[in-house]
Structure formats: structure tokens, C-alpha cells
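Once you scroll down, you'll see the structures, which are given as C-alpha cells.
Shared chain: chain A. Partners: chain B in the first complex, chain C in the second.
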Partner chain A sequence: MTEQQTIHLAAYWLPLLGCGVILCSWLAMRALRRMITTRQETPNEQIPTIDAEASGRSLIHSWDPRFKIIALLGFAFCAVSLQSPITILIALLLTIITLAIARIPWHRPLRRLLAMNGFLVMFLVVMPLTVPTHSGDTLVVFGNWQMLTCNLRGLELALIIIGKAWCVALLMEPLLATAPLGATLEGLTRLGLPGKISEMLLIAHRYLFVFLGEVQRMRSGMEARAFRPGRRWDTLRDLGNFVGMLLVRSFERTHRVYAAMQARGYTGTLPHHHQFRGAMSDWLQTTIWLGLGLGLVLVDRLGVGGF
Partner chain B sequence: MHISDGVLPTSIALGAGAASLVLATWSARRSPAEDLPKVAVVSAAFFVASLVHIPLGPTSIHLLLPGVVGALLGPAAFLAILLGLVLQSLLFQFGGLTALGGNALMMGLPALACGLLFQTLRGQSRKRQAIVGALCGGLGVLGSALIMAVLLALSGEDFLGIAKLALLAHLPVVVIEAIVAGFIVSFLARVKPELLEAPFTLRKTPPVLDTERKR
Partner chain C sequence: MHQLARNLHLQQDGPALYELRDLSYTYPNGQTALERIDLDIASGDRIAIIGQNGAGKSTLLKHLNGLLSVQQGSLAYKGQALLEEHLRRARLEIGLLFQDPDDQLFCNTLQEDVLFGPLNQGLDITAATAATNTALAAVGLAGAARRAPHKLSYGQRKRAGLAGLLAMSPDVLLLDEPTANLDPHQEEVLLQLLKDFTGTLICITHNLLFAYEICERAVVLDRGHIHHDYTFKELVSHKASLREHGLDFTFRFAESPMPEDLHADDQTQSPVRETHTDGHLAPENSPLIQLQDYGFTYPDGTEALIGLDLDISRGETLAIVGENGAGKTTLVSCLMGLRCGSGEYRLDGKQVTDTNRRDNCQQIGMVFQDSSDQLFCPSCYEEVAFGPRQLGLPNETIKKRVAEALGQTGLSGFDERVPLHLSGGERKRLALAAVLAMQPQILILDEPTAGLDPAGEELLLDILKGLDVTLILISHDLFFVRRLTHRTLVLHEGHPVQNYSTKDFFTDTNLTSLNQLDFTYRNRCGLEIMRLQHEHEHSHQHHHSHEHPHRHGDLVHNHLHEHEHEHAHTFSHTHRTEPDKPSQLPANSAQEPTHGHLPRADQPHDHEHPNHEEEPHKHEH
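This part shows the complex of A and B:
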């Protein structure tokens, strides 16, 4: 059993390091945000389009959605099972290569990574401070600040979590953006998802944008009546009424929508438009992906090659 | 409030996924097939409502509304929440693909419980409905935070610290959600009280269209 190692740093390192890290990450975030907003088609869009890149041409685009879903979902589960930093780095590299093959504009995956920041930064800050100390850990103590002893194992754990989360987030773009949403959902139905559920997803996705327009209209109405988010209690009451109104309208709309669907011949299922043909290349690509994922898990667990 | 990919160990992620699959099947069975498209439209509205941000100190929180979803949708609430979570992870990467099961349990179970609680305690007067609504709103978020903490704590002793912190961080959210839920329910009680009487998927007679009622 090895004792834990302790690195002593003078107390002034703590504010120095803290400020440095905060400043660097703030600057990086700001630069990234600016890059993303300048690349957007319309700067005010609140909800990105899922399948914006569906018309592109690449190896990933021509991949049958059914096979693509199985391969990438399987790979995602393999990726979150990894435990060593090196295999996670390899998995990240593979997903980045996929993004390059699919020729997806980089601001889309970047946006996904930014969305997770809050949750992941919390891990990065909290884990080093709260992880219980085991033998073999390296501790960093700043002068007399025993309260703020950092455990480097916690930092490593947090970084591993961030790596895995990024890996899956980057896979989402090739998985979803390279085929029309309808095709992806039909692929899921062929794979055994009940047709009702994929239909509900399609309807919910459609009406998201309708209600978003409604919210914007209601908001400009509120602002025209001099609503300013401010004094706590009044703001909460106004927001409660706002959400209540949105719900009332949605419940009224849902019956109208259903009546309209029936008037257009809806009998319980939406018609299918997509033809799926599994070619040799689909099988090959899927086998390669699943093989890579399982291989990484094997290397990770058995420690092959001294990892 | 979502757990992202890579936090939960694969065994827990898969177990939670299986549990929420069972619950979603139950939820879909309990609602008549022709009501499912309607549930989809209403879950889109809840999704949009959850994009509303409320300033809180230096940051802002967004509404979660598990209690209100449960009170209005009854057993279909779980399905609606699962739909919302899938859309959130597809569109914004809030939550994650592999953590979907865990997130669904976290938000869906309190919603089902609050729905039941609201229907039993609701009473008739508007004031009482608003208070019970606020109670459900607060308890819903509290329940979600508790399940989140349990899921994190199950992931290993290394996550105990962060589980406690996540629970603490949600306490102010519980208060705000309770107040807003109370206002929402009191608004609905004034404007459209039949929405609160029973979840529409459980009603025997199909609801009358507004245009028909006017005639």
C-alpha cells in the first residue's frame, strides 16, 4: 500500500491559479460563442434545426439510417463504459474523424459542447474538492488552507467524465444531422420503436416551433404592456400566468390539430415515405464501428498493451 | 437539471433505461391510442414553457414543471416527459443519449407522484387548488433532485460530494417552482377549470371543441 503523496504549495498560488483558470475559460467561452453566433444562418434562432445538413453527400450521409443508429448508438454505449484516459482519447479522435468524414460545419458540434458546459464545469470544480482520499492519491495543499485540499484523482475523474460526455455529444451530429428527421425516426421504427412513439416525436418536434412562435408573440404582447422582469413576486405571477396561458392554448390547439388530422384521413398511423435498402457497405460500416467500440472496451478492461 | 453522458456507470444507465422503458410502456397503455398525438402536442408546449428563464441572483433558472405536467396529464405525464427529454438531448445536448433513462426516471417519477397527489388533494375551491398546485410544483422538483442525488450516489462514493451539492443547489429552485406552479394552477382554475378536473387522457367523454360549444 502506498501512502498518498502531498504537494505543498504556498497559499498565494490558490488565488493565482483560480483567477488564471477562470480568466482563461471565460475568454475561451466568449471567443467560441462569438464564432458560433457569427456562423449561424439566423442569429436569433432559439432552437437549432436537427437535420440541417441532411442534403450533404458523404459516406455517413449514404449510410442507411437503421444501420447508422445501431452502429453509433452501440459505439456511444461502449464509449461511456470506458475508464482509462487513453482509450477515451482514442474514442474522441474517432468521433472527430467521423465529423470530418460527414463534412458537418464545426459550429454545430461546438454548440452542443457549449450547452453541456455548466454541468461539466461543476464536476471539474467540485470533484477535486470532494472525492474521498485513497492511498496512492496525490493531494495538493495550499499553505494553511486545509479546507481546499485538491485531490488530483478527482480532477482526473472529472476529466474522464468530460471526455466521455464530449464523445457522445460529438456523435449526435453524424447520427442526427446527416438524414432527414423523418427518415431517422422511421429507421428507429423499423428497429422496433413503437410507431406511435416515433409519430409522437415527429408531432412534438413540429409543434415545438409553432409554440415557440406563440411564445414570441405573447412575449412581445407583454412587453408592449410594459412587462419588465424585475420585482420578484410580480414577475413570478406574470410568468405563471404566461405559462398558464400557453398551456390553455396548447390544450385547445391539440384538439383542433387532431380534428384536422382526422379530416385529412388520419387513421392512427402516419404514411411512410422512406425506402430502406441495406447494402453491403452498410453492413461493413456498421461492423467496423461496433468492432471499434467493443475493441476499445476490451483494451480498456483488459489493459492490453500496457494501458 | 440533467445528468449528462459519461457520469453514470453503464450498468446504472442501462438499468435506469430499462426501468423507464417499462414505465413508458405503462404510460402509453394507460392512455387511449387516439390521445397520443394530443399528448405529443401538449408536450411540445411544456417543452417551450421550460425554455422560459427566470432571473435568480447572479444566474437564471429555467422552469422544470414536473408537478404541473403530472397534474394535467396524469399517467401520460411520463410519456410526455420522456418525449421532452429526447427532444432536449437531440436539439440542445441537455442531458444525453445514454443517460436518457436516468433523466426520465428523475423527472418522470415525481411527475406521476405529483399528479396523483394533486388529484387526491385538489378539492373544489380555487385557493385550495392553487396551494395544492404549489405544493406539487415544489415537491416535484424536490423529488427530481432527490432521485438525481440517489443516482449519483449509486455511481460510487466519489460522487457523494457532488450529489449533496446538487441537492443543495436545487433548494432555491424548489421555492421558485412552487410559487410559479401555484400561479399557473390558479390561472388555470380561473380560465379553464376543466383542465384541472381530470387528465384529458382519462376522461370518458371526448372534450368538446371550443368552436362547437359556442354554437
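This part shows the complex of A and C:
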């Protein structure tokens, strides 16, 4: 049994470190947000189009969506099963290289990370304070504040979780952005996903933008009549009316869209129009990716090379 | 060649493409939408189905495509009822263009969407792609095939919806309000596309000028019944029928000279200049709204407004015109405080900043283009009371204001009605009432006539003329611009191009090429319809003098006879318009505007009467 190691720091380090972390996070978020908002594709665009980069040209773009789904999802599963920070770092590095090969503009993956970082930062704060102490752990104590003893193993675990989350999130870009969403979903259907689900996803993606446009216009309509969210009961009632009207409008649109589909011959199944031809290069790329993923898992589990 | 691969079109049995007999339809809530409709539509007909909101037009259109099942009576397409396999195949050759293109474009790219129909028709991917490319090229969207629908402008989406139908080479095209929310340029593009369509065309629209260009037959619906089935020319030349069904749009032309007449002045245009009034207004010295070097840039870098200087005085009426995307709505959003741009903005002398811009709504009210965007309460009373309640007014004042606003907009007694169930015109007026209840100093109207039938437009015009506010009007409807405003700001790609009196705007011949503010076809149709309306039959006493041979005993001789009799003849005349003295009659007056023709109808008169001798007639000898 190895003894726990304790590092004693003066109490003033706690607010200093806290402020430092908050300041760094704020600056990083601000820089990211600025970088992202200046690269928005259309005015008022609140969410990016998933397949906005589908028309690009790269190895990833020319990859058959079915193979791409198997390879990248397989690699993602391998990445989340890693335990060593070093192997996770390698997985992250491979993901970033994939992004570079796919020539995806950096603001897209950064935006994705920004959306999830607020949640992930909580792990950084909570886990060092809450993981159970094991033998061999290193603890940091600030002055006499025993209650706020930080366990560096908790910090390491938080970083591992963040690394895995980043890896999977970044992999979604080459997976979803490098082919038309219809092709990706059709690929998923060919791999066994029920057709109804992929049709619903496809239509949901299309109408997300229409829905957001309606939300914006209705919000402007309320603001133009002096609406300010407050703590009064009236606010709850007004917001209830707002949400209710959105639901009614969406419900009515659903009927109209279905009618429009029927009017053009829809009988329950969207026609398939993407042609898939598994070439040797698709097999090769898939094998490489799955090989890399499994290799990382082996290294991670067997501790090859001291990892 | 791709046409060869398409499933064979259904054979037509019988003379009519559609045969509707005693067709009735009642919605689950008990509302009767159609009642005993008898209608034959031949192949190649170009029909406008017109009528007021709620007349049953959309319900009829949905029957023609089989989207609604026949409840009572019968409907046959190519000789067979629209059921099962016949319905499935019929839908593949009957194209329906929905009013809102977002309903129609349900795929993630334009190409996928247009491919949808041809693939359902059974074309292979190569043939379907060829049909798609042809259709997209026909509507001028060949370069946008891979774009997502939400990244297209409204006009582009409308054309994309049409491309989705054209790719299916339909026999029948059903159009539901095809021009709703389109600017004049886009409207004319659509018009040309539909003129080129050679199949059967059935269109429901309030835009009779548009329908006049593409339709030959008019079916007038009124509360579920067919009231008239005319040729379109007969309909528009029969003003009484139009007025009876709330479709008389000639109030637009009757009171003031057409822009062409104004163009005749051929005034030389000056560069950008400020003209505050044309004499109708007496604005105070300090502007109510003052913008200096004002700009607005969207997060993606699109400059929506650039270097705008604008003063609006109290009591002034200003029109903001320009093509779609010119920055009109962005400008009024900034004025409302919904957005914050760069440069200086003063409202009633007070600097508007990012922190206080949300207070603007206490002085400025805005009616949105789509009134549904600002109606969300369960009753009309709640809707109108929403604004005053947000301002923190006492209940008694709110009640008083609601009653006043509903009365002003002709909605008294609507308190408990559900806004969602109102007609388009009523909703527009309710949105106006909701704004008026806040008693704004400035009223902004964004495309107030969009989706209104002519009767609704006329009513709205009367309401707006009676308001005592500073008015800012965004509209493609030049009639409203002319009737309601005295100054016009022309925007083009975010720049103020002109800022002058509305009178000068109407004489400005330079705007068409720059701004796509091309209203020429509307004016052409309007004049044509006016001409038709003044070519009608009079039946009245005529005094004739003529010679003809007749017998007195054995004597046959000729001499002059004079007699009076009544007979009808087609008579052309024009309204007597005095440019410097517009009609004193209100636009919605039941009385005809002053007009006359010589000789007067109430006095016997003579005129050339060919073949009178051959007609049987009697007179004393």
C-alpha cells in the first residue's frame, strides 16, 4: 500500500487558482465565441448546418458513408474505452489530424466544443473535490480548509472524461459534415437503422431552422409589445402562451408538410437516391481506422511502452 | 429523353379532366366549406378560383389533388374517382404549389427536394437527375442545387417549390396564393414561368392582376358555393360581381392617375435629396427619429444598412421601399430597438443605446408582415391587452384601451374570439389593434397588404387613413405607398438610394433597373381591366331618323321616318379623371366615381346604327 501524498498550500492560493481558472476559461470562451460568430454562414444563424461542408473534396469526403460510419463510430467507441491520459491524447491527436485531412473550417469543431465546455468545466470543479480518496492519491490542502481538499486523481479523471468527450465530439465533424445528411442517414439505414427514424431525423434537421426562425420572429413580436421576462406570474402565463402557440404552429405545419409530401407521391417511404459503391479505398480506410482504434485499446490495456 | 422513362400518364375518359358533381365538404368542427359544387374543368383550362377568405377555395383545391376525401357528391379526375391506385397515380401528375414554400421544401438540399417527385414517379436516378436539373434551370436556380432551403430567399424558395413540381412534368398545376409575400420582380419571374406552362392550371389567389395574366376562366366561390363561372375578362369587366364578393380591386386605380400618366411629366431626376413634405403636413422642427451615419452588420459580416442618414418628423408618413434583402426590415427592427446598429440614433431627442433600446416600444408600434408572429394569446381581448399590461397600466385603462383599439379596427365584439381561428384580414387588424392599444407615437407597418383579399385591403386602408400617428410603411404595394405616405426612402443593398417625396418617387424612371421595383405588368393589367370595365352594354332610348321604302296602297316610296326605341349596344367610355382634383369619394364608397359619356344615356339620341333596316322594328306611318 502506498501512502497518500499531501501538498499543503497557503489559503490564498485557493482564490488565486479559482480566479485564474475562471479568467482563463472566460478568455478562452470569449475568443472562441468571437471566432465562431464572425464565421457564421448566414445572418441570424443560431445553429450550424450539420452537412455544411458536404461539397468539399478530401479523402474523408470521398469515403463511402456506410464505411465512414462504421470506422469513425468504431474508433469513437475505442476512444471512450481508453483509460490512460496518454492514449487518450493520441486518440485526440488522430481526430485532429482527421479534421485537417477533411479540411473542415476550424470554427465548426470549436463551436461544437464551446457548446459542451460549459458542462465539462463542472467535472473539473466537482471531481477533484468529490472522488473518494484511495491509497497513492495526491491531495492538495489549502491552509486549514480541509473541506476543500483537492484530489489530483479526481482532476486527472475529469481531464480523461473531457479528452474522451472532445474526441467523440470532434469525430462527429468528419462523420456528419463531409457528406450530405441524406446520404449519411441513408447509409445508416443500409446498416440497419429503421427507415422511419432516419426519415424523421432528416426532416427534423430541415425544420429545426424553420422552427428557430419562428421562435425568433415570435420573440421579436413579444418584445415589440414591451414584453420583459420578470418574476411575476404574468410572465409564466405569457411564456406558456408563447410555447403553446409554437406547438400549435408546429402541429399545423406538420400537417401541411405531410400533405405536401403526399401531393408529390409519398406513400410512406422516402425514395433512395444516393448510390453507394464500396471501393477498395473505402475498405482500406476503414481497416486503418479500426486498426488504429483497436491498437490504442491494446496499448492502453496492456500498458505497452509504459502507457 | 427522360420523359420516356416516366410512368405513362393516366388516360382521360370523357370530355372533362375534372368532373365535380354535388360536391360538399364539412370540417370536423361543423364548418361547411363546400356545398353542392358542380364544376367541369377541361384539359388545358387556366382557371382562377377566387373568393373572399373562408369561401372554400383551399378546400376545393385539396379535393382536386385528393388531399381531402370526398364526403358527399362525386369528384372524377380523368373519368374516375380519386381513390386508391388512381389517386396514387393522379397525384404524380397533379402538382400542388403550397402557399408557404417551407411546407413544400422538406428535404435538406434543393436537389434532394426536386428529385423527390421524379423518383416517386418511378424514374431511375439518372433520368430523375436530368429532370431535376432541367427544372432547376427553368426556374433560375441551377447554381443553388446543393444549397439548403433555409439559405435561400423567400422568392427563391417559392421558385424551388415550383421546380419540384415542374420536374414531375405535371398535367395539372394547382397553385395556392402563388404571389403571397413576393416582391414585384419575383412576382414577374413567377408569372413568366407560369405563362410558359402548357398544361391545366388552377390557381387560387387574391391577386387578380396576376390571375388576369395567366388565367382565362374565373370561378367565384362564396361561402362554399360557386356563384359565378365566367371568362376572366367577363368577371373583371363586371364590377358589381367583384364588389359583391369583396374582390373589387379597382379602388386602386379609380382615384388617381396611373404611374404611366405621372411618367408623362418626364421630370429630370435629381440625386439624393431631402424633401420633408409635399405640403400636406406640418411637422415640428425637431425630428422624432434621427439617424446619422447609421449602419447594421449581421454576425456573418453581411452589411444590411450602410451610412444611413434619416430624419422623420412628428406626423410624417414615410414609405420605405426596395427589393427583398434591401435592408428595410432590418432598418425598422433597429428603429424598434429589436436590433442595435452603429452610428447615432435619436428617438424624440434621446440617444438610443444598447441598454435603453428596448424602451422604444413604448413610443413605436410595429405590425409584422406575418401577423401570426405577434399573435399568441388565447383570446382577442388578451391579445390586445398584452401590450398595455406589459406597460403596467391599471386594469380599467387596459379595458378602455382594448375596447377602443378593437373598435378602431372594426373588431368590436371579437373579445372572446380565438385569434388562431380568425381570417387573414381579421388577424391583420387584430395585430394592428394590439399595437394601437399601446398608443404609439410612431406606427410601423411591414407589408400590411400581404395575404389580404381586396375587401380586406380596402378596409385596412380606411383604418390607416383615420389614424393620427407618424407612419412608416414598408410595402411593395405602390397603391398603399401612394395613398398613405408623403415621403419615400428607397433602399438598395443597405444603402439609401433616394429620399424624396412620394410624388417624385412615382415619377422616377431610374429605379426599375437598379432596384427591381418593376410594377409595369401590374399597371398594364390594371389599365387593361379598367378598359374592360368601361366597355359595357347600355340599353336606352334612341332617336333614329332614317329612310326606308314602304307602301301606301299601290304607292311605294321612300321618305324620312323619325322614331324612338330602346336597344342595347356596347359602349366604351373612360372615367373623367381630373389630375389636379382627385375624386372626393371615399375608396370604399358604394357610389361610382364621377364619370360620364356623351351622348348621355338618359336622353334619346341618334348615332350610327348599322343594319337597322334589316332589324324588325315598328313605327307609325
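We adopt the following convention: the second predicted complex is superposed on the first by the 304 of 307 C-alpha atoms of A that agree within 3 Å, B and C clash if a C-alpha of one lies under 4 Å from a C-alpha of the other, contacts with A are read in each partner's own complex, and residues count from 1 in each chain.
We take it that a contact is a pair of C-beta atoms (placed from the backbone, for glycine too) under 8 Å apart; a residue touches a chain by one contact, two chains touch by 3 or more.
Remember, it's a predicted structure, so these values are computed and weren't measured experimentally.
Of the two partner chains placed by superposition, only chain B is touched by A:80; chain C is not. Of the two partner chains placed by the overlay, neither chain B nor chain C lies in contact with A:135.
Once the two complexes are overlaid on the shared chain, A:144 sits clear of chain B and of chain C alike. A count of residues in chain A touched by chain B and by chain C gives the higher number to B.
Of the two partner chains, chain C is the only one touched by A:271; chain B is not. Look at A:226: by the touch rule set out above, it reaches chain C but stays clear of chain B.
Shared-chain residue A:257: touches chain B and chain C both.
Of the two partner chains placed around the shared chain by superposition, chain C is the only one that A:180 touches, whereas chain B remains out of contact.
By the touch criterion stated above, A:116 is placed in contact with chain B alone, chain C being left untouched.
In the superposed pair of complexes, A:205 makes contact with chain B and with chain C alike. Shared contact residues of chain A with chain B and chain C: 203, 205-207, 210, 214, 241-242, 244-245, 248-249, 253, 256-257, 259, 261. Taken together, the chain C residues at the contact with chain A in this complex read 62, 65, 67, 88, 91-92, 94-96, 98, 100, 102-109, 112, 115-117, 119-121, 125, 128, 146, 148-151, 164-165, 168, 298-302, 304, 333, 336, 338, 358, 361-362, 365-366, 368, 370, 372-378, 382, 386-387, 389-391, 420, 434-435, 438.
For chain B in complex with chain A, the touching residues are 2-7, 10, 13-14, 24, 28, 33-34, 36-49, 51-52, 54-55, 63, 65, 68, 72, 79, 83-84, 86-87, 89-94, 96-98, 157-158, 160-162, 165-166, 176, 179-188, 191-192, 195, 200, 207, 209-210. Put simply, chain A touches chain C in their complex at residues 37-45, 49, 51, 54-55, 180-182, 202-203, 205-207, 209-210, 213-214, 217-218, 220-228, 234, 238, 241-242, 244-245, 248-249, 253, 256-257, 259-267, 270-271, 273, 275. Of all residues in chain A, those touching chain B in their complex are 46-48, 50, 73, 76-77, 79-81, 111-113, 115-116, 119-120, 122-123, 126-127, 129-132, 154, 157, 160-165, 167-169, 171-172, 176, 194, 196-197, 199-201, 203-208, 210-212, 214-215, 229, 233, 235-237, 239-259, 261, 268.
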